[in-house]
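Going in written order, the chains are labelled A, B, C, D and E, and every chain counts its residues from 1.
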Amino acid sequence: MSTDVNVKLDALPGLDPNALPLEVKNLQVEFRTRNGIAHAVNGVSFDVRAGETRAILGESGCGKSVTAQAIMGILDSPPGFITGGEILYRGVDLLKLPEAQRRKVRANRIAMIFQDALSALNPVFTVGFQLAELFRKHRGMSRQDAKARAVELLDLVKIPAAKQRVNDYPHQFSGGMRQRVMIAMALALDPEVLIADEPTTALDVTVQAQIMALLAELQQERNMALVLITHDMGVVADVADRISVMYAGRVIEEAGVNDIYASPAHPYTKGLLESIPRLDLKGQELSAIKGLPPALTNIPPGCAFNPRCRYAQDVCRQNPGPPLYQVTPSRTSACHFWKEVKGDE
Amino acid sequence: MSDYVLETRDLVKHFPLTQGIVFKKQIGAVRAVDGVNLQLRRGETLGVVGESGCGKSTLARMLVGLETPTSGDLFVQGRNMARVGAEERRRGRRNIQLVMQDPYTSLNPRMTVGDIIGEPFEVHPDVVPKGQRRGKVQELLELVGLNPDHINRYPHQFSGGQRQRIGIARALALNPEIILCDEPVSALDVSIQAQVINLLEKLQNELGLSYIFIAHDLSVVRHIADRVAVMYLGKIVEVGTEDEIYETPTHPYTQALLSAVPVPDPTLRGQRDQIVLTGDVPSPANPPSGCRFRTRCWKAQDICAEQEPLLEVRDKSGHPSACHFAEVRDVVHATE
Amino acid sequence: MSDLTSAGAAVGGAPVGGDGPTTEATTGGSGKERSASLWADARRQLVRDPVFVIASLYILAVGSMAAFPWLWTSQDPRNCSTDRSRISPSWEHPFGYDILGCDYYSHAIYGARPSMVIAVMATSAIVIVGGLLGLLAGYYGGWVDAIISRIMDIFFSLPFLLGAIVFLTVIKRQNIWTITMVLFLLAWPTIARIIRGSVISSKDLDYVHAAKAVGARNSRLMFRHILPNAIAPMLVYATIVLGSFVAAEATLTFLGVGLQPPAQSWGIMISVHQVYFLEDPWLLLFPCGLLIGTVLSFILMGDALRDALDPKFR
Amino acid sequence: GGGSDNDNDDAASTGGTLRVYNAEPAFLTPSGGDDEPSLYVIRSLFRGLVKYNAQTSAVEMDLAESVESDDQKLWTIKIKSGYTFDNGEPVNADAFIRSWNFAAYSPNAQNNGYFMKRIAGIKDVQSADPDGDGPQKAPEPKAKELSGLKKVDDLTFTVELEAPFSGFPTTIGYPGFFPMAEACVADIAACNEKPIGNGPYKMDGSWQHNVAINVVRSDTWKGEPGKPDRIEYRIFADVDAGYAAFQAGELDVMYTVPPARYKEAKATYGDRMYEQPGDSFTYVGMPLYQDNFKDKRIRQALSLSIDRQSIIDAVFDGRFTPATGFVAPTFEGARADVCKYCKKDVEKAKQLLAEAGGWPAGQKLILWANAGAGHDQWLQAVGDQIKEALGIDYELKVNLQFAEYLETADQKKFTGGFRLGWGPDYPFMETFLYPLYGTGSGSNNSTYSNPEFDAAMKEGDSADSIQAAIPSYQKAEDLVGEDLPVIPMWFNKVGALYSENVDQFVWNAVSDADYAATSLK
Amino acid sequence: MGRYVIRRLLQFIPTVLGTMFLLHYMTSLAIQFSGNPVRAIFGDRTPPPALLQAITERLGYGDPCLDQKGNPCFGLFLDRLQNIFFHFDFGINLRQRPVTELVADAIPFTLKLLVIAIVFEAVVGIAAGVLAGLRGGSFLDYMVKISTVFIISVPIFVLGVVVREFVGVKFGNILRGQDWIPDLISVGVFTPGFKPDYPFASLIIPGMVLGAVSLATTARLTRTSIMENIRADYVRTAKAKGLTNKRVIGVHTLRNSLIPVITFLGVDIGAAMAGAVVTETIFNVPGIGRLVTFSARTGESSVVVGVVTMLVLVVLVANLLVDLLYAVLDPRIRYE
């Protein structure tokens, strides 16, 4: 469908069609603010295969969105700076590409859905304009053709009466529809990787179910790699294949979905799972993680989780923090005591 | 008089839609709350769930007296607050207090924690004599698990969960019997959310409070509530004990809602009977005739458009449901 | 340095000080907790901001000229002789002499008072009256708002200088008081609008509802919850207005409807001598410099204040 | 460098376009225009019975063949034949009678009705105020026409005055006495926008208000033709703006120099700045109706403490001539040092003040001026000097707008010295004396009244000729010089600038810059 | 939309009437207290009372209420309204010219000046603001800030005179000495004042001086607005769409950022009109500002009332247009 651009992209130096669609290695991002340097991402690594869903889990402020923005290359800079690591798209390090080529990768190869669809859509342009823009700028289509494609896309994401709605403004859509427009926009150029940054956090459960179902359907259809960023343990359990759990800018556990839920190998993951209200524990106190996440400008030495951790020992307070222990061949945990944590189960 | 600490009868709130240049005339109304009957017993927690925009907050605001009902009655400990004057209503607010959804916006950024929690005492000077107020505030701080030394701090120096505790302390200041929580944890992270829920439960045990707990997170409601009311477009469509609602929901909307809740257990993936609704919530200014859910309901028939189903017990499940075709459908498999 | 801190306190003190109990609570509480309100933070940031410090030092200097001119000069600005007309600056007479042979430096010092008094009084008046009306209109809405808004419209739609010319020609007694009054009359609607806008947007904030829910009365809601949070934009605007009023005083004199000689003000100095700026430029440069410095200082203070008060810029 | 770079290659051959500075005129009709900007335009569009010699200021016949009288009361005027208005109407006796009647008839509300005041029958064409203070609507005047104007034949008419006046021939050179066409009087508003003149120039297009008035040489004019082909009056609201335009080479003649730029202009333009003593008189009037000012020694003392030259140097860059008399030095009959008290002499001043019993202790000398015209500045200097010389503290009252100020003058409500000025209506000594100091005269704001003065004036008025009248007027001036009902300050100096394009610039002491006689290179 | 316009137009009525009455009362008071403006025509010469009265009556200052100090002259006001609204007759000035004609003469100049000023202010101000906003905290940002603030603090008449002397005269003369520079530039643009031969070119510099005052505010407003929007989520979306930087800024950021700027420019029309008073005097532009100043000084109440009323109408209409433009720029705003 988009041969001309594919030709250009194939010209990316070192592009290897057999390499993973996305691989992040030891990514580091910091924000240089007046109050000091905030280390928002401190060595995040993960990868995702075609057709697979990789979930990135973690509470608010742990650096999930920043990671996504770094991958897309849309970090606010200043104050944000990528200080290390690699972001590989099919073997090509995006961080080393010139801006013009990098731009071509966006939307064409790696696309993104944002957390809050209302603020992520430009309020002063029609939905149709914002969709058609992609075809006009990336595919050089005429206005009419692009508009026709926009309608097709709206149809694809199941917006009723797409032909009429294409000329509406974002505020005239309901929350769920806006999120569907976002999805349409992300899928427009048929990317290989889709990063969905909390696509349903702002939505009701019934609408969330609609959106997740839609995403799953489209992913399957196109064999896309999906990076799903969320803090909702329920959603992750429903759709993810593999999970990376983040804490204070770091991936602290990585595993297949069943492993994590069955036997978390990091105390933080464990704490998260335990603080979900559960029926069998009704009437009892929830087991909450005590304390607060650290400020990113002032991450405690050693394991960032140590002040809140019930397994913490002196070793946890020593720099450098725990390495990623290989729990099983397909699973890692950044806890000195992963065995205890897991064995506790 | 009933044994309910709080009871509403056909409580209605319509926000008028007006039109006109000089003389405005009403051309319609947003039926935010449209005939709600609720009962709250002493020491009980009533959960209210429903989609965004279904009127939960409006209901809450009416219950605490921030909004005057368009019609209907509202009894707080037997006194009909919908029929009293403004001054008495102001005073009557003592008995029923509100914890708001967003801990970031519900605290005045320019007041110290002490001033925020102490404000109720200044408004109702008879509750605590002037000299003892400060001590009382510190007591409250301690009660909600905050450091009493932080009395002079400002809200922005606290985290979300701590702020929510400040909100709770403010609500407790006047020794109310009822506390109304309007989505008190939805702005919080999972790990913090648990802390706040624990606190609320602890206070209920210690002080014998009655809660109305509004939320859209059904698992939280299930954890904390004794009874649950499900709202849809300004109406209660199903009400029952927590078990009745979760185990034997009879209203299609409740069923859809429950089935949509993601269960944090990957092993159940694909086994659940997930109902994905089509279409959006209709506008409360122009609700569908008859049953309001019929536009999204897979069971809808002609009668649903003609006749509004009453909230009554229809089948063996034994709890009221506002559906002509109410029947039990098991959508949630317990996690155990 | 101590002066500065108190200057910062004067600016920041308005809302917090108005909150009475805050200070009481601070003194009564455990001493080790440093209070860290928005205002206290702002103050701390302002004291560290060199632009703000320089600007407020300048304003302090000008303020003291206005309040205690005799501290700055021992000359009598009214002691003139045409024999000394337009003598250039020298050591004893740093600004030289003006046309009538009066000491220009002392004229400049004594001229600070009317300029500052007019600006400060007019600004306070618009802040108080405009603020109050804006608050009422915004809070109560309905017909209160309708009436206040219409009156606002009337004054607002009068172009500023034109209005001032008409009013002042009519009043024709052009002294400090009438000029203050005219500036006030024509400028209050802007502040009222600002306040009205921020009141409308803040009266539905959660914390206002929260206060209402514990039973607070209207006056409490207005003055304790809504106003302090609406006051920041007003304060910032007020500093800018203050500066523009200093300049307006000069412009009115230029147009012949402001203060007139033999009164002394910077405006008079500028407008009388502007025609000499090619021959004896210092006659224009000195008063202009003072005036520009003052206006600049006020605006920069307002800027710094806004940045300090806006958490986004932190 | 100033405006020295305007190219004017073709100007010399054609007579060229003369671009002159002007302010917005009030009216362009002879009956209406009485302000300087109006007069400048009117004088090029219209011509009257007489004109003034540029060098000597003497009266010369223009449209009139002769203006004669035996008793100085009944004047016979003969008009040269062959002159017409631009629209072809003849300029005859009717044209003058029509114009003068129109101006005098009060319902027409023409400003120059004022100048008809000497003609017999003036009372009857102006409605009397029924109750003396104006509110009711004024009744129709008794007559429509002045009884003193009689047509003898087409080119002859007689003018009867209310009282003998030897200076009458000098007065009729004033534009208020210029003729008007019938078509003009019939639609005065249209005529004001595009006057129908009878002079060397005619309108080119209509009056572009506040922008420009353009006139071109008229082909119907029979007299000596104007030198420039075309005169463009550029209108400025602000003299500084005009000066800037002159500097930028956009003007050829600037008939005035902004006070503050005088020095600079003189340095820049050197001999292209035309300077000459002027005839506008500035004085500080003394309210003789106030007790403090009744004693003439006090007035003399005040006058003696003022150093006029120093004020002129400081405030006006020396652009004025200190007044030592009461009549403009350019006028026939004017003498220096008529006023013995007009030179600073502090000793004498103190002595006179002491003789008069001193100034009442604790009282301030109040000095009045109208607002917004810059008078406050020199008045302040005057106050400073009096304060220094006599120790009398002063206070300025300078906040009245001109209208109210004049009403205060009319109602004799000044409480101290008041600044006023006087410009002559015609080049005849009388204009500086009777209107200001004659008993009951309109502009006698001091309420000076001296029978001897009045008698001397009457004697001059009925003298046989203009020259014969002068000694009597000089006698009257001496009386004023002793009594000092006003403290003379200064006479202006005219300063005009002209550009390099101008070949010869002509200035007429009476009618100011003469554009028609100014030639371009 | 139509309804909104009608409602706004109806709201004009009290505003305009109020303004007119205010002006009427002020000018009546002026006559009552400062005397008959006609007297000033004659200057030092005392006119015969009959003549004075005749002219006074002709000019409409003969109403007896003008002799009673403090009288609001309602009768006169009603007459005025009648004349204005039924006959479009605003009276005449001291020189016996109809006010409508005066305004008709003057308004084209002022409008031209305003257009130049607003365009200058918008183009340069927005450009400077965008540059400063994109590089917040940079040297450029600092320069823009300092220069704009400096312009605000110089009184406009000083600025005007300085520009006239140095740009119009001094610099202009240098240009005029150069043959290769076209007249339009050397004589037309760089002129010390308005010139009828170059009706547009000669207004450019005065217009820029007029626009300079608000230029600073425009730039600052744009800067803030850009800085806010550049961080907005939808800008991030635009970047994520792989659009060029130019398009991200020029299309997706600018339009949103301009909304507050446009509002300001609308309000500024009134201010610019006021500023024209000074600018027109200095640059000899025969516009409205000069007319009003002059009339106010000479006490020509009919002119003041008439002209200022018309100006107020212009300001109101301009504001209305801006509001409508606002709706075009921002589709979220709907006027009903």
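Here, contacts are C-beta pairs under 8 Å (C-beta built on N, C-alpha and C of every residue); 3 or more make two chains touch, one makes a residue touch a chain.
Heads up on the chains, UniProt names are A = ABC transporter ATP-binding protein; B = Dipeptide ABC transporter ATP-binding protein; C, E = ABC transporter permease.
From a predicted model like this one, the values you see are computed outputs, not experimental measurements.
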item: Intersection of contact partners for chain A and chain C (ABC transporter permease); value: B, E
item: Centre-most chain [mean C-alpha coordinates]; value: E
item: Chains most often in contact, by C-beta pairs; value: D-E
item: Geometric centre distance via CA averages, chain E (ABC transporter permease)-chain A, whole Å; value: 53
item: Distance from chain D to chain A - Cα centre to Cα centre, in angstrom; value: 90
item: Gap in Å, rounded to a whole number, between the CA centres of chain B and chain A; value: 32
item: Centroid distance [mean C-alpha coordinates] between chain E (ABC transporter permease) and chain C (ABC transporter permease), Å; value: 24
item: Multi-chain contact sites of chain E (ABC transporter permease), meaning residues that touch two or more partners; value: 33-34, 161, 165, 281, 297, 299
item: Junction residues of chain C (ABC transporter permease) - those touching two or more other chains; value: 169, 172, 256-257, 278
item: Chain B: positions in contact with at least two other chains; value: none
item: Complex contact set, residues of chain A against chain B; value: 59-60, 174-177, 204-210, 212-213, 231-238, 240, 257-258, 261-262, 271-273, 275-280, 282, 285-290, 292
item: Chain B residues within the chain A interface of the complex; value: 51-52, 159, 161, 189-195, 197-198, 201-202, 216, 218-220, 222-224, 256-257, 259-269, 274, 276-278, 280-281, 334-336
item: Footprint of chain E (ABC transporter permease) on chain D - complex, ascending; value: 1-3, 5-6, 26-27, 106-109, 111, 113-114, 117, 126-129, 134-138, 141, 189, 192, 208-212, 235-238, 240-242, 244-245, 247-250, 372, 400-404, 406-407, 409-410, 420-423, 435, 442-443
item: Complex interface listing, chain D residues touching chain C (ABC transporter permease); value: 240, 258-261, 263-264, 307, 310-311, 313-315, 371-372, 376-377, 380-381, 384-385, 388, 396, 398-401, 404
item: Chain E (ABC transporter permease) - residues contacting chain C (ABC transporter permease), complex; value: 11, 14-15, 18-19, 22-23, 26-27, 29-30, 33-34, 145, 149-150, 152-158, 161-162, 165, 270-271, 273-275, 277-278, 281, 289, 292-293, 296-297, 299, 304, 308, 311-312, 315-316
